[in-house]
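Could you have a look at this structure, given as structure tokens, before my questions?
Order as written gives the chain letters A, B, C, D, E and F; numbering starts at 1 within each chain.
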């Protein structure tokens, strides 16, 4: 019954990679806490780099500097 | 003053249906808890089926199998 | 499969009222969008009035003034 | 280490304005709580006006009436 | 830089189990998407069973019936 | 009408500091985006250090090492 929300910057994650994240997190919750995979919900949000800040600046700006 | 976030898969909900959700949740909070509708906020997130997982797999895959 | 998060101030909502919110939101999503109640998840967060702000001030302060 | 999520309606906020929000919130958390800016994360969600409700109706409808 | 929020019912997860979840999710994001562990943030919310609904009823009620 | 959620570790923020955060974020949204303070909602979540991870480990562990 867990609910997991994963937020990442929108920088080209493929459908396959997202499916791997969903499978992996669901398995982890089963292994660590015995949670039933059938009712584990995972939602992935992909966020524009203009809308994600760390260290007081946008990821867009960090990427331009090569970070 | 309540804040409600509704997450659904992006599968064609119309503007009218979303307005019905907003009106319905706001009314429910007034009826059950006496919350003031004027300051009740409802935000609906529509999530791509590739980004929504349940049972360890994406909704995209489930839809392909007819679920 | 929807996921709903309801945030309210912690001001004495009873277990019965919270059960009514859960039942009501689940029914609404079924009626408006045909969502399967069996996989609809609702999470209620009760937030201390010191931690909730509206109009630039805490709800604690508003309650002291009689709002 | 704080995490801040800002939700606004999608009504033309520019990249510069979003960068100002990110810088301003990060600074505020440093000034008020001494939080390290290097690990402060800010995520801005821009939400369609059809998907945002207040007072039981969508922002789309409110804007049409001139609110 | 990812941000992950895991919501589970408050039913006795230990500090060790929560540390395993945090380590496991962080590793998964590195393996699948190459995300830097140093800036991956994971927040776990433990929710009272009265405040978690599935299938239109609270987890408290389901537990009483033996689910 | 913005909604802001601030998550910090529970490490002794006072009611006064939380009120300053609420006032400061509300003012920032007015200055940068012209948002109406009257309908700006801010919710602060204080999270136990066992439940907050960064760099793949809990904040509890980091604090024990002096970070």
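Note that in this section a residue touches a chain if its C-beta (ideal position, glycine included) is under 8 Å from a C-beta of that chain, and two chains touch if they have at least 3 such contacts.
Since we're looking at a predicted model, the values are computed, not measured.
Between chain A and chain F, the least number of touch steps comes to 2.
Looking at chain B and chain F, the chains in contact with each of them are C, D. At the chain A-chain D interface, residue numbers used by both copies make up under half of all numbers present, so the two copies contact each other through mostly different positions.
Distance from the centre of chain E peaks at D, each centre being the average of the chain's Cα atoms. Averaged C-alpha coordinates give centres for chain C and chain D that are 21 Å from one another.
If you average the Cα atoms of chain A and of chain C, the two centres end up 25 Å apart. Centres computed as Cα averages put chain B at a distance of 14 Å from chain C. Chain B has residues 1, 3, 7, 21, 25, 39, 41, 43, 45, 52, 54 in contact with two or more other chains.
Across the whole structure, chains are in contact as follows: A-B, A-C, A-D, A-E, B-C, B-D, B-F, C-E, C-F, D-E, D-F, E-F. Looking at the complex, you find that chain F touches chain E at residues 7, 45, 47, 50-58, 60-61.
Those residues of chain D lying in contact with chain F across their complex are 1-9, 13, 17, 20-21, 24-25, 28-29, 32-33, 35, 39, 52, 54, 59.
Remark: chain F residues 15, 18-19, 21-23, 25-27, 37-46 touch chain C in the complex. Chain contact summary for the complex, chain F toward chain B: residues 1, 3, 39, 41, 43.
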